[in-house]
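Sharing a structure, written as C-alpha cells. Questions coming.
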Amino acid sequence: MNMFFQSIMAGLETGSLYALAALGLVLIFRTSDVINFAQGEMAMFSAFIAFKLFDGMKLPYPLAFLGAIVFAILFGFIVERVFIRPASKASLVSKMIITLGLIMIVGGLANALFGIDSHYFRKAIVADNMNIKGVVIQPNAIFIIAITFFIMAGLFYMINKTKMGIAIRATAQDENTAKMMGIPVSKVYSMSWIIATILGAIAGILIAPTTNVSTAMMGEVHLKSFIAAVLGGFGSFYGPVVGGLIIGVLDNLVGMYISLTWKTVIVYGLLILTLIIKPTGIFGKTHRKKV
Amino acid sequence: MNILKNKPIQYILLGLIIAITPFIFNFQRGTLTMFNTVIIYSIVAIGFNILLGYAGQISLGHAAFMGLGAYISGYLTNMGIPFILSILIAGVIPMIIGLILGLVALRLEGHYLAIATLGFGVTIQQIFKEWTSFTNGYSGMRGQPASIFGFSFRSRESFFVLAIVILVLLSIFAYNLLKSKTGRALIAMRDSEHAAQAMGISLLKYKLIAFSISAFYAGIAGSLYIHLIRFIEPNQWGVELSLNLLAMVVIGGLASIEGSIIGAFFLTVIPDILKEIPMLGEIRNLSTILTGVSLILVIMFLPLGIARINIQIKEKLNNKNTKKTALNQ
Amino acid sequence: MSILKVKDLSISFGGLKAVDKLSFEVKENSIYGLIGPNGAGKTTVFNCISRFYTPDEGKINFHPRDNKEYNLLDLKVYEVISKGLVRTFQNVELVKHLSILDNLLIGMHTTTKGGIISQGLKLLNVRKEEKRIRKKAMEVIEFLGLKGLENQLAGSQPYGIQKLVELGRTLVSEPKLIILDEPAAGMNSNETETLSKLIKRIRDEFNITILLVEHDMGLVMNICEEICVINFGKKIAQGTPSEIQNNPAVQEAYLGKGEVSC
C-alpha cells in the first residue's frame, strides 16, 4: 500500500510538470490558433540556460532559476514576433510547420551551443526525505506540486479576474470580435507566448533532476504534455491540468505495476482511446461549426 | 514531339538517363550511396506529399512507417522470403496500420493527426528498441542485398537502377492517381471542404486514402533502405527523420511530384556538402539549423517550394497585393 | 406530388433558436422560393437540408422518384448528392486551383467509376470513364455558354462566371432537386435577368426542381411559383408571389427595408 501511495505521489509530481507544459500548449492554441510543437525544445533551451547560469557562472540556484525565467520571457516574445506573427494570416497547417521548423532551429542551436552531453542538475529543494507512516516523501516533490498549484492559481486568477485575462479569453473566443472591441490582440499573442514559454521553462528546470539536462531531455515530457492536453481537452484551461495529473499518476502506476519498458506504449494507448471515445477531452464541449 | 509532353514518358526517359550515369562516370562508393538514398527519400517524399500537399494533413510519424517497412523487409528476407514479396509486404503492413491510425485521428480536426502521429512515432520507436526478437533491439538488424530471380543487386550501381525503376513506377502511379478522380477530390477538399462535401466527397475517406498511400510509399522506401545499407537500428527512425521528410516536401514543393524529388535531393546532398566545408563543417548540427530556417522561410515566402520558384516570383511581381498561394488562403 | 417535405424543423445555436418548427413542402418540378429578412434563418434551413447541420428536431424527407423516399437525416453530408439533391453556396465555393472543366468533373464525383489502383495504373476502364465525364461536362459548359473557357482556372474568373460554373457543377450530377443559396447575390440587374431565364430553362429542359433562398425580390417574384416567408426562424406566410406581396405579415417583417416593391 505504501508503494502505491508513493507512486501516486511521484505521479502527482511529474504530472504537475506535464500539466504546466500542457497549459502552455493550450494557452497558445486558444489565443493564436497554433499548436506549438517546439514547446518542448524551447523548454529544454531555457533549462539549459538555468543550468549554465548555475553550473557555469556559479550563480545561486534561485538566481539561476530567475535568470532562466527572464530568458524565457525574451525567448517567448522573440519567437512570437519573428516567427509566428508574420504568419498570422496563414493556415493552421502552415503555422504548425513553422513551429516544426522551430524544433529544428532551437534543437540544433542547443546542440551546437551546449553539446550533446547530459548533465546532472540539482533539485530545487535539497532536504532529507520525510517518512509519514512508511510513505517516503521527498520535500522536492512537495515543492514541485506546491509551486505548480501556486502558479496555476495565479494563472487562473489572471485569466478569470484581470483585464489581461479577459482579453485572453476574448481573443480565444473570437479574435475578430475581440479586435473590434478594442482588445489589443497583438499584446494578447505576445503575452500568451511569453506565459507559455515561462511555463515550459519551469517544467524543464524542475524535471531536470529526473531527466538530467540534455538536448533530448524534454522528448518524453513534451509528448506527455500533448497527451495531457488532448485528454483534458484543448477547449478549456482546466482540462490540461487535470489531464497532466492523470497522465503523471497513470504513468507511474503503469511503470510500477505493469511494465516499465512498455510504459510509453501504454500511455500512448490512452491517447488513442481518448481520441476514439471523447476526442474533445474530458472537459471538452462540441461546437457546431458554421458553414 | 507530342509524346515528350506526356509526364509518365518524361519520368521514364529521365529515370533512364539518371540510372545509367553511374555506369558512365566513375563515382565513389560513398557518393553512390548518397545518390541511392536520395532516390529512397524521394519515394517517401512523394507519398508524404500526397498527404501534406494534397490532403493538407501533417504527420510526424512517417519515419516510423519507413522503419517498419525496413524491419519487416529485413526480417522477411532474412527468413528466406523473396525480396519482391518482402518489399510488397513492407509497403502493405504500414499501409494497414496507417489506415487504422487514420480512422482514429483523421475524423478529427487537423492538429489531431499531427499529435497522434507524434505519439505513434515515439511509440513505434520504443517497440523497435524493446521487441528484440523481431528487431534485434539496439544491436541493430542486418539486411541482405536485394535479389530478384537470382540476380543480386549487390553493387551500388545495380541497386541504383532498381531504386530508380521503383521510383519511376511510383511517380507514374502517383501522377495518374492525382490526375483522376482521386486527385480532383483531394484538391477539392484542400480548396473548399464545403464544396467537396456537397459534391459527394467524404473528407474522411480521402484523407484516409492519402494517409495510407503515404504510409505505403514510406514502407517501400524503408524496405529499399535496409537492402541498400544492410544495417538498421532503432534510433534512426525518430522524430528527427520525420521532420526531415516534412522539410523535404515543403522545401521541394507542396503538391508536386517533382518538388518531392528536388526536396529529397537538397536535404540529402547539402548536409553532406556542408560537412566538407572547413570551419562551417565544425559547427554541430549546422544542417539541422539551416533546414529549420529554410523550412520556415519557404513556408512564409515561397509556399509552393523551390520546384515552382519561377511561377511564384512571377506572381509576386505581377500582383504584389493579392497573394494567392496554395496554403495561405 | 412533393419532392421535399420539411416538417417541424428546429435548430438552435447556443441559446438562440435559428429555426423554429418550420414546415414546408416543395412540389416536383416547381421553382420554390424561401425568403425572409436578414438573419431569418434561411441559410440555416439550407444547411440542414444539405446535411451540413443536423437539426435538433424535425423531419426532412426527399422523394426524388415516385417509389423512392429518403429521410435526409439518415444521410451524411456527402451522401446527399448521390440521392439527387445538390446545392450551391452563398459565397461561391469553387475549387479555385482547378480548371472550369475539372470543377464540373468534381460534380460527377459520385458517378465516376474506378478504384484507386485502376486510377493509378490508368487502366482502360478509367480512360473510358474520363472520356465519358469530360464529354458530359462539355455539354453542360456549352449549355451555360462557357465554351472556350473550360481550361481556364476557376479561381481567376469573374464572379458572374464563377456563379455559372457552380451552377454547372450541380447540373452534371443529374440532380432531381437543386437548392440555390442566393444565386443572384452580387449580380447586377442584367446578370440577374439572364440568371432567371437560365434557372427557368434548367427546370423546363432538365425537369429539375429548384429551391432557392434569395434576397433579390425581383428574381423571386419573377420566377418562383410558390414562396415561403420566414422571419426569426418561423414561417410567417406561404403562397404564390401575388399572395405574398399582399400579405400584411410579410410587409411588416420587411417594413423599413422597402424591399417589397409592388
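Worth a mention:
Going in written order, the chains are labelled A, B and C, and every chain counts its residues from 1.
In this section, contacts are C-beta pairs under 8 Å (C-beta built on N, C-alpha and C of every residue); 3 or more make two chains touch, one makes a residue touch a chain.
In this text the structure is predicted, and so the values were computed from the model without any measurement.
Using the contact threshold fixed earlier, the set of chains in contact with both chain A and chain C is B. Ranked by separation of Cα centres from chain A, the top chain is C.
Nearest to the global CA centroid, when each chain is reduced to the mean of its CA atoms, is chain B. Chain pair with the highest count of contacting C-beta pairs: A-B. Chain geometry summary: the mean Cα position of chain A and that of chain C are 48 Å apart. If you average the Cα atoms of chain A and of chain B, the two centres end up 31 Å apart.
Chain B and chain C have Cα centroids separated by 41 Å. Of all residues in chain C, those that touch two or more other chains are 52. Counting partner chains per residue, chain A has residues 291 touching two or more of them. Contact with two or more other chains is made by residues 194, 329 of chain B. Of all residues in chain B, those touching chain C in their complex are 173-174, 176-177, 180-182, 184-185, 187-188, 190-192, 194-203, 209, 213, 324, 326, 329.
Partner chain B is touched in their complex by these residues of chain C: 50, 52, 76-82, 86-87, 89, 93-98, 102, 105-107, 109-110, 112, 114, 116, 119-122, 126, 130, 155, 169, 173.
By the touch rule above, chain B contacts chain A in their complex via residues 52, 56-58, 60, 104-105, 107-108, 110-112, 114-116, 118-120, 122-123, 126-127, 130, 194, 239, 243, 246-247, 250, 283-286, 288-289, 291-293, 295-296, 299-300, 303, 327-329.
Residues 29, 35, 37, 83, 86-87, 89-94, 96-98, 100-105, 107-109, 111-112, 115-116, 219-220, 223, 226-227, 230, 261-262, 264-265, 268, 271-272, 275-276, 279, 291 of chain A touch chain B in their complex.
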